[in-house]
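Listed after this line are the structures, all set down as structure tokens.
Two complexes follow with subunit A in common, the first pairing it with subunit B and the second with subunit C.
And now, the complex of A and B:
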């Protein structure tokens, strides 16, 4: 009998919704290491994270710390944390310290140290994880992983736009779940593409009972909380269950591969002359777009204490006044239950629906 | 036509105010500053701010309101920082637009100067642009900037010197560490200094040190920390800790950078007693007073060898 020992390094990254699958793909197919794919986050994850985090660190810090600790328990040898333009830039440094103090032994890679660095440094980093790295494979792997993220964004957008009006209950969810499952186990660019095409076609063919004027809600806000379903307590899912069509501009594709912040800024000149923070331009721009397109309402999502998004609120208040569009502000910390959110969303939805009936 | 420029007495006025004031006055403008922070200013600012925003920003809005009708333009600089690892909190990037949006009905004329770490600019260039905006010649502006910068440095030097003398004195010395606009605001850190002095401790401030050398030292602490002011605080702490008996970390609720950095500091500083205070809009200082009192007791006790930690 042949004995096969997997001696690839076990790499982990904090959960960020289904983008985990794309990251897994890049790590496994591109770098050639093993990725610790965690099961969906639970209450335990948040508890773990907040137990060891500073009190008023933002919620994404607590969620990602929770994920990292769970990954360590699952056998991760290399932890990777990213950097960014806000407090995110310091997540890695502090999380590394916390994890060391907890007594875990692992390699901790803080991407904040590599941001703005040369391509050579990134390759060296990848070599550090897998000494037998094949650079050509890394490039295709990264490209296909990014493609997967783009496909997931597209299918997700379709899902939230229409799933509220499906003729047969659960038919949309079934296709969407199947698609995510295929992405989770995909091992080649072909498989990714085929899964995407199949899902797209299936979704397009599903019968819809779309009312003439559906309630349309645009969701805007902070990068992590808005994208991570566990962090926003399945906000979009709740909204489609109420019967709304949900639109969201903020996703990886639009943020990193399409809309350039500097290109969007002239469009919001009326409200902001300068860039007001890492994601604020996107928030303001998409809120303005939704208002102009005659959406019924906007929901602003952020984690408690998120400075850049907090600074978008006065602008959103002005947009709300100028375009007569209701805005619901949600600030997430680590909540115990989601009854409060349910009540607020129901009230918001009812208000939008009634407003529609009276005005049309 | 701008003749009088108003400078709100909050946020970075406690760090760069001397520079701003001298710059404008040298160019022939009249400057007005709002009065010292007090309860009323905070209350009127709080009314206009989003609930979750930080205490110093609420105070700042109050100061802006205080200047309404008293000047032709309010000076609200947009400071992003000059380097990638020496940024400011994102609120400073948003500041002028934020104030304009909050006071849209009042139509406050805002005078601003903008720089960001990705612009790759320098302080001098930024101020030359500002002079240009105000209709002054390049020569005039440059002269004004150089003069103002000198004044600013002389002001800091004198504070530094006084603090160095204080450091050589006998007695309990406590470092107040925090953002300058928290430490020196009459309504926030001012109270703390008063309480500490009442208990017989001398107060050392983290912003009364040489900024450049503090900045350099901070890189020994962390290479990746992105915030300029926190870097200065840490660099200063490293320089002051040899002479100090204790550190009071002062933060205003809910300061983003402080939330992470102060946690890191507490984890790293093991050789000195540290008290971490978070100020919010509560009235009265009785709670803080008690905590400081017991902190001073601990220091004195330890100095006398009380807990036996030094064997």
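And now, the complex of A and C:
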């Protein structure tokens, strides 16, 4: 028997929805290191995170710290934390300290230090993880990983838009799960593309029982909480189970590759003249779009104490008044039970549905 | 035989029940404390409704064909009595109030642990908001302060109306309000002024928090347990500058609304008062199949499992025998 020892470094990144799969792809196929792919987050993750977090840190901090600790327990050697436009930029530094004080020995890469850096520095960073780095492979790997994220965004959007009306119960979910599974194990750009095409075709072929005027709900809000299902307690899944068509503009593709902040700002001139911080421009822009397209309702999602999104609330109230569209505001911390959320969502959906019946 | 509909609203503090006929007239009604035991409370409600029903000899005339439950224990009691409709209290209140007051534009509601505002247009709810995260300025807050002051919460309104002015009390947060209140007591402020201040604080807190950004248009209906407090009603009228209507059946509105919804569902099944005498038990099971440790609630009727919920994934689904 041949004994193969895996010398690759074990890299981990905090969980964020299913984007883990794309990051795994970049790390494994591009950089040539090993990625610690964690199982879906549980209550244990958030408990771990909040136990070692400062009390006033927002929920995303706690979730990502919990993920990092779980990754360390799973054998990670290199932790990567991202930077951002709000407090997030400081999170890496703080988490590095917390993890060091907990006594874990690992390499901590804080991407905040590399933001805005030159290409050379990024390549040096990748070389640090894998000294035998092949730059050409890194470029294709990164490209295909990004492509995977885009495909996942597209299929996810399709899923939440239509799954509430599937003719056969569970048929949408089955295809969607299969697709995510394929992305999780994909090893080449071809596999990614094939998985995507198959899923898209399968979803398009599934019969729908779409009413003439379905209840359409747009979800807007803060970057992490809105995208990460575990953080928002499966908000979109709950909405499709109630029977709504759910739309969400905010995702990696739209936020980073398609709609730049500077491009969106002129569109929302009416409501905001300058950028109010991280994702507020996207929040306001998509809320305005949903209102203009005649959506039935908007749900605003943020983590508790998220200042930029708090600033966006008065603007959303203006939009709500001008376009006559109800907005439900949700604020997430680490909650134990779903009951409060379920009540609010059910009431919101019922209201939209009854309104439709009476006003049409 | 005419048709009748049953609605039960099981709140954190009180449990309400009504029976209505097809013309939405209340045939029997009941209001009592939940006392932390929703199953017992709803059994008592059923007993009370049954005796009222018998006393009026309505049992020969009416037959209950549908039932509904609402309030925080709706699911439990719903599976207990086999209700056709199990709906949240916001929808129930909106439906109930718009049925009784078709011209209403704004519904203010302060209950034991939550408060909400519902905006109505053309007889249908178009927007709502509910308090988040904190129970400041709800019925529970008022009754705990009444306890501190040594008066019954039912007398609050009367005492507040006697006061010449209201003591300023911050209501942003229950804890801060309490320290303000203690301070006022220590400097010798008269009790009625403090009580008036509390009522003002509740109204102010509601308008600044729950109703923030919502346009309040007359006619305004105020309901929920706190609406029985005349002091809070007056403070609302002063703050809003418009009359605030309190329905004498305002406390029953949730139960009434869910009965109306049960009627609308047109899903008819004979209802029997026998459930009030059956034995129900609930058991909480912690699922150990993943680290989520969901608490699964199982409901048993006479030892038989009739319903279960609380699992987040299929792994925790309990198979019914």
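Here, the second predicted complex is superposed on the first by the 360 of 360 C-alpha atoms of A that agree within 3 Å, B and C clash if a C-alpha of one lies under 4 Å from a C-alpha of the other, contacts with A are read in each partner's own complex, and residues count from 1 in each chain.
Going forward, contacts are C-beta pairs under 8 Å (C-beta built on N, C-alpha and C of every residue); 3 or more make two chains touch, one makes a residue touch a chain.
Everything numeric in this text was worked out from a predicted model, so none of it was measured.
**Student:** Clash or fit: subunit B against subunit C, after overlaying the two structures on subunit A?
**Tutor:** After superposition on subunit A, subunit B vs subunit C: fit, no clash.
**Student:** Could you tell me if A:110 is touching subunit B, subunit C, both of them or neither one (first, second, both, neither)?
**Tutor:** In the superposition, A:110 contacts subunit B only.
**Student:** Using the touch definition from the top, say if A:348 reaches subunit B (first), subunit C (second), both or neither.
**Tutor:** It touches subunit C, and subunit B stays clear.
**Student:** Check whether A:44 is in contact with subunit B, with subunit C, with both or with neither, and answer first, second, both or neither.
**Tutor:** Touch status of A:44: second partner only.
**Student:** One more residue to check, A:358. First (subunit B), second (subunit C), both or neither?
**Tutor:** second
**Student:** Does subunit C touch more residues of subunit A than subunit B does, or is it the other way round?
**Tutor:** B
**Student:** Taking the superposition as given, does A:213 touch the first partner, subunit B, the second, subunit C, both, or neither?
**Tutor:** Once the two structures are laid over each other on A, A:213 reaches no partner at all.
**Student:** How wide is the angle at the Cα centre of subunit A, looking out to the Cα centres of subunit B and subunit C, in steps of 10 degrees?
**Tutor:** Approximately 80 degrees at the subunit A centre.
**Student:** Looking at A:326, would you say it contacts subunit B, subunit C, both, or neither? Reply first, second, both or neither.
**Tutor:** second
**Student:** Quick check for you: in the superposed arrangement, does A:197 touch first (subunit B), second (subunit C), both or neither?
**Tutor:** Touch status of A:197: no partner.
**Student:** Rounded to whole Å, what minimum CA distance do you find between subunit B and subunit C in the overlaid structures?
**Tutor:** In the combined three-chain model, subunit B comes within 5 Å of subunit C at the C-alpha level.
**Student:** Where on subunit A do the contacts with subunit B and the contacts with subunit C coincide?
**Tutor:** 304, 313-314, 317, 331
**Student:** Which part of subunit C faces subunit A closely enough to touch in the complex?
**Tutor:** Touch list, subunit C to subunit A: 72, 87-91, 94-95, 122-130, 132-133, 213, 215, 290-293, 312.
**Student:** Please name which positions on subunit B make contact with subunit A in the complex.
**Tutor:** 50, 52-53, 78, 84, 89-91, 93-94, 96-98, 100-102, 104, 114, 116, 222-227, 253-254, 256-257, 259-264, 267-268
**Student:** Which of the residues in subunit A end up touching subunit B in this complex?
**Tutor:** Spelled out, the residues of subunit A in touch with subunit B are 54-58, 61, 83, 85-87, 89-94, 97-98, 101, 110, 112-113, 115-116, 271-278, 280, 304-305, 307-308, 310-311, 313-315, 317-318, 331.
**Student:** In their shared complex, at which residues does subunit A touch subunit C?
**Tutor:** Subunit A reaches subunit C through residues 42-45, 234, 304, 313-314, 317, 320-321, 324, 326, 329-331, 333, 338-339, 342-344, 346-348, 350-351, 354-355, 357-359.
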